[in-house]
Amino acid sequence: QADLLSDIKAKGEIVAATEMHYAPFDLLKDGEYVGIDRDLFDEIAKDLGVTPKYIDLPWNSILPGLEAGKFDFVIAPVTITAERMKRYSFTLPIGNATVALAKKAGDSSISKPEDISGKVVGTQKGTAQFEQLKAFSESLATPAEIREYTNIDEALADMAAGRISGVANSLPLMGYAAVQRPGLFELVMPPFGDPKFFGWVATGDDNSKTLIEAINASLLKMHEDGRLKAINEKWLGSNPELPTTMPDVK
Amino acid sequence: MSNEPMTTKADDAIITVRNLSKYFDDFEALRDITLDVKRSEVLCLIGPSGSGKSTLLRCLNFLEQYDGGEVHLDGELIGWKDISHNPRKPLSSEALRKQRQHIGMVFQHFHLWPHMSALDNVAEALMSVRKLTKKEAREKAMTALTKVHLEDKAQNYPANLSGGQQQRVAIARAIAMEPRVMLFDEPTSALDPELVGEVLSVMKDLAAEGMTMVVVTHEMGFAAHVADRVAFLDSGRLVTCVPPQEMFGREPDDARVRSFLQTYRERNVV
Amino acid sequence: MSNEPMTTKADDAIITVRNLSKYFDDFEALRDITLDVKRSEVLCLIGPSGSGKSTLLRCLNFLEQYDGGEVHLDGELIGWKDISHNPRKPLSSEALRKQRQHIGMVFQHFHLWPHMSALDNVAEALMSVRKLTKKEAREKAMTALTKVHLEDKAQNYPANLSGGQQQRVAIARAIAMEPRVMLFDEPTSALDPELVGEVLSVMKDLAAEGMTMVVVTHEMGFAAHVADRVAFLDSGRLVTCVPPQEMFGREPDDARVRSFLQTYRERNVV
Amino acid sequence: METELFVRYGPALLYGFGITILCWLVGSIGGVIVGFLLACLNRWGPRFIGWVIYAYVEVIRGTPFMIQLFILYYGGPYIGLLLTPVQAGIISFIIYGSPYFAEIFRSGFNAIPKGQIEAARCVGLPESRILWRIILPQMLVPITAPLTNFFIILTKETAILSVVTVPELLFQTQTMAAETFTFVEPFLVLSLFYWLMVVVTGWIGARVEQRVTRHLKRA
Amino acid sequence: MNFSFDTIWHNLPYLLAAARWTVIISVCGMAISLVWGTVLCATRLSANPFWRSAATLYISFFRGVPLLVQLLLFYYALPYVGLDLPAVEAAILATGMCSAAYTAEILRGALQSIPRGQTEAAYALGIPSFSLWRRILVPQAIRIGMPSLVNELILLVKVSSLASVVGISELTRIAQNITGETYRPLEIYITAAVIYFAINWILSISGRLIEKKLQIG
C-alpha cells in the first residue's frame, strides 16, 4: 500500500499545482508566484520538512493531472461542496468562499447586494459562488439576469466595458480586484448567501489520507500561533474567521 | 470578323510591325523588326530554334509586352495605351480583351485547359465571347472538331488525347472563333503527314475566306505550299521576307538562309 | 550500358514484343503487336496521329501497364512480376527502377522539371542514379548540352527556353544517362531543319556506339535517313515493319501506307 | 464513467453544439468569401490595395484569435461598438479566417500554368470568366486539401468563443465539468462532437477533391 | 478608459521570457510537422493499401481530436502505458504530430497539381523514389503550397499556447496570469498580440522569400 506522505518525505519535495491566476490566493507578481496559498503552503512545507515546488496549470488540467500523478497536491482554492467531496479529499478551510459583489466604481445605483435586482450580473460559470448568486437572485422580487463567464477576468472586463452592472465571486477575490483597480471597481458589502469555504485538494483515494491529515495538523498549528492570521492580514487587510473543523456541507 | 465587308483593298496591310524590339532581361530576343502582313495573306515565319519566332508571334497579340517599336492591327495600336510616355502603359485588361478577340492563336505547347473535355475547350469561348447558347456553342464546336477529324474524341480530357489530337483541339479552338487574324505557332509539329495535309487544306479554306494568317513552322514543305510570303528570322532579326518561290525555288542570296535550308534539302529527298 | 562488352551477336533482338495489347477503358489503343528490335538497331515508328505510337513506346518502359502480351528487354520481362497470374502484378517500384535505368526516353511533351535549370535537369539523374558527384554530373551534363548546342542556355529555366530549346534539353537529359536502349517520341517535332540535322548526327553517333533506338517520328525524311527499319502503325495495329528503302523507295504494298505517304510526297518536293 | 451525466447535460450540450455549428458555418463561409475577395483584389486590384491587404493578412493572421476576440468584444464598447456575444463571435470569426483563406487562394492562383491563362485571353474570355471557368476549377486541385484543413481548424477555434460567453459547446462542457467535477466525460463528449464535425468536413472535402481531380485520372 | 503603458512596460520582460517557450515549442514543433508531414504524405500516397490506410487513419485522428485533448493524452495518458514524457517534450511532440497531419494534406494537395509527366520523366530515368521526392516533387509542392504551409506554421505558433495545460508558462498563459493580477487585460493582451505578430511575421516573410526563390520563370 503506497502512501503519498512518506513518498514525499522520501523525495524531500512536494509538488503542488495551482492556477496562478486567482488573486489574492494565487498570482504572478513581477514574474514570481505569490499569494495567500503560496505563503500558507511555504509554512506547511516547512512543517512537513520538505521543499515545495509550485506549478501553474489551467483549471482544465489540474484535476486530470492530479489523478495522473503528475504532482502531489492541489493548492488552488476549491470551494468545499458535498458533490466534490465524493471524488476528492479536502483539507480544512484555507479561505472564505462566501459570495460577494463588485460594481463599477462610482455606480450609485448599487449600494447593497439586493440592488442587483433586475440588473445584469456576471459570475464565473460552474462555481459554487454561481449557485449562491443564483439562489440569492431568485429570492429577490425581480431576479437579476446572471451571465456566466469562463473566467472571472472576463466578467470584470465586461463590467468595465459596461455590459453588466456587477460581478459576483468569492469575497477575497472581489475585495482584491477593488483594491487593485480602485478607480474601476468597488466592493459592495456585505457578502451574501450561505457561508462557504475554500479548501485544498488531494486525490480521493487512501494514499493521500496521511498527507491530508498532516496538512490539517499544520493548518491548525498555524491557527494557534497566529501565522494564518498574519498571512491573511497581509493580503486581505483583515482576518476571515476560518473554522478549525470541517464545515458541514450537505 | 471574316465576314465583315472588305472596305479596303485586298493587299493593304492588316498588321504593321514597326521597329519592334523585345528583351528578356539582358537578352535581346527581337531586334528592330519591321514587317507588314497584308489582308488575307498567309505569312510563314521560319528560322532556327531560339531565333524569336514565338516571341514575335506573342508580341502581335501582346502576350509579350514588347519594349520598343509598335504593332498595329487595322491601324489600332496593340497593347499599349500610348507610347509617347515613358515607361509605356499597357491597356486595361478589358481593352486588351477586345483587341485579342480578333486575333486567334494556336500555341506551340497547345495550352489546352486540362479540366475541360476537348469539346468544352472549343465551346467555352463561343459561349462567353460569342454569346452563343450552350447548345449552339457545342454544335459549332463539334463542327470545328470534325474539321480536324476529332469528332469521336470530343469527350476526352486533354490528358487522354495523343499529342497530335491535342494539337488539333488547339487548332479547332482557335478557328471556331473566326478571328480576323490567326497566329499559328508550329501548328503541325505533332501531326503526321496526312494530317498536315488536312490542316493545310483547312488553312487554305480559311485563307480563301479572307483570313489573314501568320504561321511559325519548321516544315519547309508546308511553308512552300501554303505561304504567300516567307519571313526568315535569325537571332531576333528579320533577315528576309520574300515569296516562297524566291526562298525555296532558287539559291537564296543570304548565306544564313542558304545554310539553313541546306540540311533540309539534303534530307528530304527520299 | 553502351560500353558493356557485347557478348551476344549484333543482330539478335534486344527488345521483343509479343502480342502486346493495351486498352484505355474500352478503347483499344494497341492490338496484338509483335515486334523485335535488334541490338544497335534504329527502328522508326510512323503512323497517323492517334495510332498508338506513343502508347507503344510507353509500354516498352512500362509507363503504361499493358494489358496483354509481353515485352522483354534482354530476355527480362518488363514491368510485370509474372504474367501467369490473373490479374497480373506489377514489379515493385525498385525493380521497375532498375529496369528503366537502361531505357532512356524523350517524351513528346518533353516533361522537363520546371523548377530546375536546363543544366540541373540533365545533371539530376546523373547524380541520383549514376551517383556522380555534383561537379562531375554538371560537367557531364554540360557536355550533353553542348552536343545539342545549348551551352549558353544551361542556366535558363525551362519556362525561359524556346520550344526547340526545351526539346533539346529533354534529348540531352536522356542521352547523358547512356542507357542501353533509347526511346524517342517525336524528338525533332519542335526543331528547325538545321537542328534536326544536328540531332540526327547525334543519333547516328549513338547508333555507331551500339545504342539501340526506337524513334517515333512524323518526319519521313528523318525516318528515311536514320532508320534501319521503319514500322507503320495504324489504329493500334502494326501494319508493316520493313527497311526504309522498301517503305519509301518504291510504292508500298499496303494501301493504308501508300495513302499515308502520298500527301507527304506531294508536299515535300519544294 | 457516469452515463447519467450525459442524460442530465444532454440538452445543454446539444444546444451548445448547435451554436457551435452556427458560428462555425456562418463564420467560416463568410471567411471564405471575404478571403476570396481579398485574394482577387490583391491579384487584380491596384498596387496600393495590395499593400493594404498584405498588412491586413499579416496582422490578423499573426495574432491569436482569442486576443482579437477579446479586444473586439471587451474593447469595442470603448469606441462605441457594443456587440452581443454571438455577433462578436461571428464577426471576429470572419475576420480571423479571411486572411488564411486569402493566402490559400493566393497559392491556388500561383499554381495555374501561365499558358492556360494566356490561351484564355487569346480567345477573348473576360477576366471574370477566366477566373470562374479556367482558374477556379483548376486551383481547387491543390487547395481543396488546405481549405478542408482550415475548415477543420476553425471547428476547434469555435471553442475560443466561450471567452465572450457564447454558449457554444466548450462553454457547455465546462459547465458540466465544473458542476460535476468530472473531466474525462466532458472532454470525451467534446472530442466526439468535434470529431463528428471533422469527419463530415473531411468527407465533403474528399468528395470535392474527387470531383475536381476528375480530369487527372488516367484511363 | 485609461490605457496604461506603465503596465505594459512593467510586464514586458515577463511576457518576453514566456515567449521563449512559445518559440521553443513552435520551432521544434515545426521541424516535426514538416519532416513527419512529408513522410506522412508520402505514406498516404503509397501504393501499399496498408500504409495508405494507416496514414489516412492517422490524419483522421489527429485532425479530428482537439489538440487540447491530444496534449492531455500525451501528458496524462501515456504514463499509464509506461511512457512518462516531460511536459515540454510532450507539448512539442503533440503539437508537431498534430500539425504534421495538416502539413501532409497541404503537400498532398499541392502534389496533385504537379503534372504527371514530370514524375514519369523521373521514372523513365530510373531516379529512385527518395530522390524523386526530395528533388522533384517536394520542392514544387512547397512552392505551390507555401502560403498554406505558412498558414499552418503560424497556427502552430498560436496553438503552442495550449501547452499551458501541461504546465508550461508560455506567452498566452503568462499574459492571462498577469491580467489576473493587474486587471488590465486589454493592455496585456495587445502586448502579447504584438509579440505573437513579431514571431509570425518572421515566419511569413521567410515563407514569401522561399516562395520567391522557388518561383519559376
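Brief remarks on what is shown
Just so it is clear, A, B, C, D and E label the chains in written order, and each chain counts residues from 1 on its own.
FYI, a residue touches a chain if its C-beta (ideal position, glycine included) is under 8 Å from a C-beta of that chain, and two chains touch if they have at least 3 such contacts.
Because the structure is predicted, anything quoted here is derived from the model rather than measured.
The minimum number of touch steps separating chain B from chain C is 1. Considering the contact criterion stated above, the chains in touch with chain C and with chain D alike are B, E.
Across the two interfaces under comparison, A-E and D-E, the one joined by more C-beta contacts turns out to be D-E. Taking each chain's centre as the mean of its CA atoms, A is the chain most distant from chain C. Here the spacing of chain A and chain B, counted between their Cα centres, is 83 Å.
Centre-to-centre separation between chain D and chain E, using Cα means, comes to 17 Å.
With centres taken as mean Cα positions, chain D sits 38 Å from chain A.
If each chain is reduced to the centroid of its CA atoms, chain C and chain E end up 46 Å from each other. Within chain B, contacts with two or more other chains are made by residues 109, 159-160.
Multi-chain contact residues of chain D, defined as those touching 2 or more other chains: 70, 74-75, 78, 114, 138, 216, 218-219. Under the contact definition stated at the top, the residues of chain A that touch 2 or more other chains are 60, 64, 151, 154, 157, 160. Interface of chain B with chain D (complex): residues 61, 63, 93-94, 96-98, 100-101, 103-105, 107, 109, 111-116, 124-125, 128-129, 157-160, 173-174, 177.
Those residues of chain C whose C-beta lies close enough to touch chain B in the complex are 24, 46-50, 53-55, 108-109, 153, 160-165, 168, 185-186, 189-197, 200, 218, 220-222, 224-225, 248, 259-261, 263-270.
Chain E contributes residues 1-2, 10, 13-14, 17, 68, 72, 75-77, 79-80, 164-167, 169, 173-174, 176-186 to its touches with chain A in the complex. Residue ranges of chain D in contact with chain B, taken from their complex: 44, 113, 115-116, 118-127, 129, 133-134, 137-138, 212, 214-216, 218-219. The part of chain A that touches chain E in the complex is made up of residues 17, 20-23, 27-31, 55-58, 60-61, 64-65, 67-70, 151, 153-154, 156-157, 160, 177, 180-181, 183-185.
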